[in-house]
Amino acid sequence: MEPLLKVQGLSVNFSGLKALSDVTFDSFAGEVRAVIGPNGAGKTTLFNAISGYVPSTAGQIFFKGEPLHGLAPHDISVKGVRRTFQTGGLFPEMSALENVLAGLHVQIESGFFGIVLGLAEAREAEREGILRAKRLLDLMDLGAAAEQPVKDLSGGQQRMVEIVRTLATEPPLLLLDEPVVGLSPPMRDRMMDIIRRLAGEEGIGIMLIEHVIDLVMSGSDTIVVLSSGELIAEGTPEEVRQNREVLEAYLGHA
Amino acid sequence: MKSFLIKCMFGAMALGVLLIGNTVKAEDWETTGLTDKAIKVGVMGPFTGNASSYSKTQIGLMAYFKHINDQGGIHGRKFEMFPEDTACAPAKGIAAAKKLVHQDKVFYLHGNSCSAVAMAVKPTVSPTGIPWIIAHAVNPKITMPVNEKKSIYHGVPAGPAYGSTMGEFVMSKPGAKRIAMITHTNDWAKAYCDPAIKVIKATGGEIVLEQALERGQTDATAQVLKLKGAKPDFILGCLYEAETVIFLRDAKKYGLRIPVMGTAGTDLENTLERLGDKDAVKDYYVLHAFVDKVDGPKMKKWNDIILKYNPDETITGFSAVSMASGVAAVKALQNVGPDLTRSKFIAELDKIKGLSTGILACDITWSATDRHGCKKSAVAGFVDGNPTVLSSWGKPW
Amino acid sequence: MEKKNGNTSLITSNQLRWFYYLVPVAALIIPFVANEYLLWIVNAILVYTLVTVGFNIIIGNLGQLAFANTAFFGIGAYTSAILMVYGGVPYTLSILMSAIVGGLAGFLASVTALRGIRLYYLAIITLAFGELMRWVYLHGDDVTKGSDGLRIPDDIFFLGIPLDSEVPKFFVFLLLAVLLVKATSNLMRSRIGRAIVAIRENEATTASLGIHTARYIVLAFVWSGSVVGVAGAMFAVLTERVLPEAFGLTEVIIHFGMVLVGGTGSIVGSVIGAITLTTLPEYFRQFPGMDELFFGIIIVLVLLFLPKGIVSLLWRISPAFKERYYRD
Amino acid sequence: MDIFLQLTLSGLSQGAIFALIALSLTVVYRATTIVNFGHGDFVMAGAFFVYVLVIYVELPYVFAAISAVLIMLGMGLGVSRGFIDPIKAGPHIGFAMMSISLGYVLRGGARFLWGREVFPMPRVFDIEPFFIGNLVVTGDVLFISAIVAVFLLIFFFIFYRTTTGVIIQAVYQSERGATLIGVNVRAFHQSMWGVGLAMGALAGILIAPISLLHPDLGATFLIRGFAAMTLGGFGSLGGAVVGGLLLGVAEQLFGFYINSSLQDITAYLIIVAVLVIRPAGLFGRTVTVRV
């Protein structure tokens, strides 16, 4: 099977400090791939590098065979690699609906003049977008909260809104940075359920950063372990569980 | 929906034009702002803002009107004053003018300190034909050429009168030929300096150096050193009060001992008080619109009027300036007699010839073709350490 | 109407839309009841409405502390005046040119923001831009007539209507204001408006949604510059003489005050701000010398007790007044 | 050469004032990330308090000056507590407007109370100008330079050589960290507002005898303070001082060697030039964000 994402020899330096060095792996459609590692291992840096938020020092990233390295974040997003952020990824003053609509930005095809002049086509495009966003929110039981500013929603709802927003354009690859942090255990399970369903039923490739090892072990197909910027292990949860290097890395930093 | 809106608008527009066109009637216009008991007069001035020290002149003018009221008024009518703030800001000034003309409906306008505001207000006031006496602003273009309705008068020396006095005084110094300038780069400074340059050039002088010193500057070292290098015989200084002080201070500091000719925006006493150094003002000559020193015996009568109605007021060189045109206006109003109209008022203003007000050093003369009522000014300078009013170099007034 | 969250407000957003359409229609009565002075104030309000609506896009929607607004205003006024005086260009066309030149100035200002300069640093640089423009007006004597100001011609027509008194000016200004406010409202309640607000909320996240942030920053500045440029062209005709003094730092502060008093990021708020801070100084004429004091105190009070502006009082009446970044 | 030196000397004494104002702005900015847009008016207020205390209360000048500085220190605490804290949750736009409005209140108050008058500020010393070679040195230059120099020495000594200074630096670096070691960040912000306004007042007191005292005194200095901050590097303490001095000298040199009508806009030209050439200024760290 052709990999969705190919990361080859990726290195990122921050003013001399190696945040990532020579990381190589492939990621596939329909797969939930967890990225784990101790604090400072470079997990978020990896996401940032893939999504264009930090420039890579060396190495290459391909998505569906096309190079991503060197592109700006918005271009990478348009190509179909979407991500969430650890914290503060939402637009707090905007309503849930508006957040999701912003996620649909590239799919709403209304031109500048059409919008300014209030032409029928532009309004139609907007209307379709709104219907779609409302449908998505309803699917996640967020219909009632659609009109409220997201800053007034509960932590769990906020996470959901962010996922909905990120999924709105049906991206082939999703990078989720700690999607369940701060959620209650039942919410957490529900979220993992949704993630699994997205991969299994919609065939979306998902990469996620997670600290709760139980969830990672039960919820992911493949695990990538980073330590001090290096990829030290890759494999199924079972394989990783038995990897000695991984244990050392965790204990060494614990 | 939208097209309906637009139709509505144009319909109403047409109606509005019709209505307005029909509201102004000739007789109304002549006596607007008059009752048997009162003459409404609008007094625009910079009562707030960074030029509010000029508004002392409107205070003076209004004190004079109150004084006339207390003497029984004019043919039974008393001045009812409508002071309006312009803050020396164009938009605010226009609003003030519109208010006076269209809401308070004054009989005539008298005042204005800031030339920029007067220029901004002119398109509003001029077409109405309401008499308007400029009592402080100096820009000559406010009044000349005469506006279509022939309704605007200058009651103080305008730029050319002041400026040519400056030029004449400078050239009256024996041997004066090489003249240098230090000015603000605004219309106010130009109104003084340009006519002065004209006179200087016409009488055989030359401008050897031009230096700019902008408002708010607190150091004139660069300018003083340049001027010193140019070795002029006389320096023309078109600067406001604060900058004049800074310039004179630095001139003394760097040993620039050349006479300086200043504008009516400054006066000798205040400049001395601010500098606190007699030596630094020794060579400073300044336009002096009045017949006497600001606190001189001939001015006492006028200063007393101001103080009677404004006991806390500090008298400066601005205080009495506008009173002179007040005297002229009162004279014209008296000459009209009890049947006052705007046209008659304008006719009487045009008949004022050689009116010696006892305030300004010039006699006021107006005509239908020349509205610069005041053609010259005196100069003040220190003679033997005493402030003295002069008519030319070394000659007392 | 189809509110699912049990909204029991008195006014629905649909009714409100009709109310908004009614406001300019109701305003048509003003010339029949107001004298020239009051009408002048109303016309000034219409000009300042566009100034505030334009400024609010940068300050409120895009959330950038850029103070180039007064520069756009002056540039618009001078563009229109210069074209009419020297080029004999009809007023209607000169308005269009003011919009274009204002937009270009907006583009120029956006370059600083694109260089990653933000907050107070951006504020100071844009202030400097405005003051440099004023210096140009003052010293461009041959064209701008320096501090004498540029007198615009007497015979000015807008689509054949002579603008020789406040009444025709009122109708023309009202038309321009309604059209531009409506266009801006269309823009802000579309994907473009959402992108602009999203950038304010979180620039990094916005890019992750495939939104080309730089493009929308430029767009916001250009639109703001154009709207304010048109306001400048209107101001030129309103005051009949374009003077450098009219575009100084005080004016910056007044514009800023209008945005904040009305309500940041709100079009209704912009209108309220323009009305409030145009009429209050006229009201305060009866207390001479206290202008600045009142102005300062009012804004301090609004900031302390109505941080979202006067418009937030309307929200208490009905949440329908809250502007959304989409339209039903 | 003489002329050049004379211009430089004059520029430095002007620049000392700009430096003081830029530094006082920076102190507040570094602590609270707020730039006080009303600072010019606080500078003016400082000078007005001296005037009131000398003329009406008849205090000796030095006591009046010290009292005025202390009053402004208190005012800084009050401003922070009463006007900035309550709007803390809001955006920076609110802070900018708040500082402008407070400035307006002060200016309006000064204008309301003293209105149309412009005051000569009482002189402190009247030292006859003296010569160093061909260089003229006046009492004003000497007085301003000396006071600012002494003040800067004390300021930077406290900042870099005392425990208080180390704590202040620590809070500048990380407020969260400072909270952990027991620093009351709120009180810290308030005191930095106090210090900032007090320093501004000092600048006002020094300049008022030269510029005369009027309600609009502060406006021209504020923009020069901004230019000095920008030139030195936005947020850099040392940069503010160097930027102020350089700006003072640049104004003089521009005025003499290029065109005196440019003197007035030197500050603006410098701001724009810094933006084009080096947005971080002379000593600044990166102040830009990636777009």
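Remarks
Labels A, B, C and D are assigned to the chains in the order they are written; within every chain, residues are numbered from 1.
Rule of thumb we're sticking to: a residue touches a chain if its C-beta (ideal position, glycine included) is under 8 Å from a C-beta of that chain, and two chains touch if they have at least 3 such contacts.
Please read all numbers here as calculations on a predicted model, not as lab measurements.
Ignoring chain C while keeping the rest fixed, chain connectivity by touch breaks into the groups A | B, D. When chain centres are taken as C-alpha averages, the shortest distance to the whole-protein C-alpha average belongs to C. Comparing mean CA positions across the assembly, the chain most remote from chain D is A.
Between chain B and chain C the centroid-to-centroid distance comes to 36 Å (mean Cα coordinates, whole Å). Between chain A and chain D the centroid-to-centroid distance comes to 48 Å (mean Cα coordinates, whole Å).
Annotation: 33 Å between the Cα-based centres of chain C and chain D. Multi-chain contact residues, meaning those touching two or more other chains, do not occur anywhere in chain A. Among the residues of chain B, those touching two or more other chains are numbered 48, 52, 185. Within chain D, the positions touching two or more other chains are listed as 111, 115, 219, 261, 264.
Interchain contacts (touch definition given at top) occur between A-C, B-C, B-D, C-D.
Interface of chain C with chain D (complex): residues 59-60, 63, 65, 112-121, 123-125, 127-129, 131-132, 135, 139, 203, 213-214, 217, 249, 253, 256-257, 260, 264, 289-297, 299-300, 303-304, 307.
Contact residues on chain C toward chain B in their complex (touch as defined above): 21, 24-25, 28, 31-32, 35-38, 40-41, 44, 138-139, 146-149, 151, 161, 165, 167-168, 170-171, 174-175, 178, 239-241, 243, 245-246, 250, 281-282, 285, 288-292. If you check the complex, the residues on chain C that touch chain A are 3-5, 7, 182-183, 186-187, 190-192, 194-195, 197-198, 201-202, 204-213, 219, 324-328. On the chain D side of its complex with chain B, the touching residues are 3, 6-7, 10-11, 13-14, 111, 115-118, 120, 123, 126, 129, 136, 138, 207, 210-212, 214-216, 219-220, 251-256, 259-261, 263-264.
Remark: chain B residues 1, 5-6, 8-10, 12-13, 15-17, 19-20, 47-49, 52, 83-85, 87-92, 94-96, 98-99, 101-103, 116, 119-120, 122-124, 139, 141, 185-188, 190 touch chain C in the complex.
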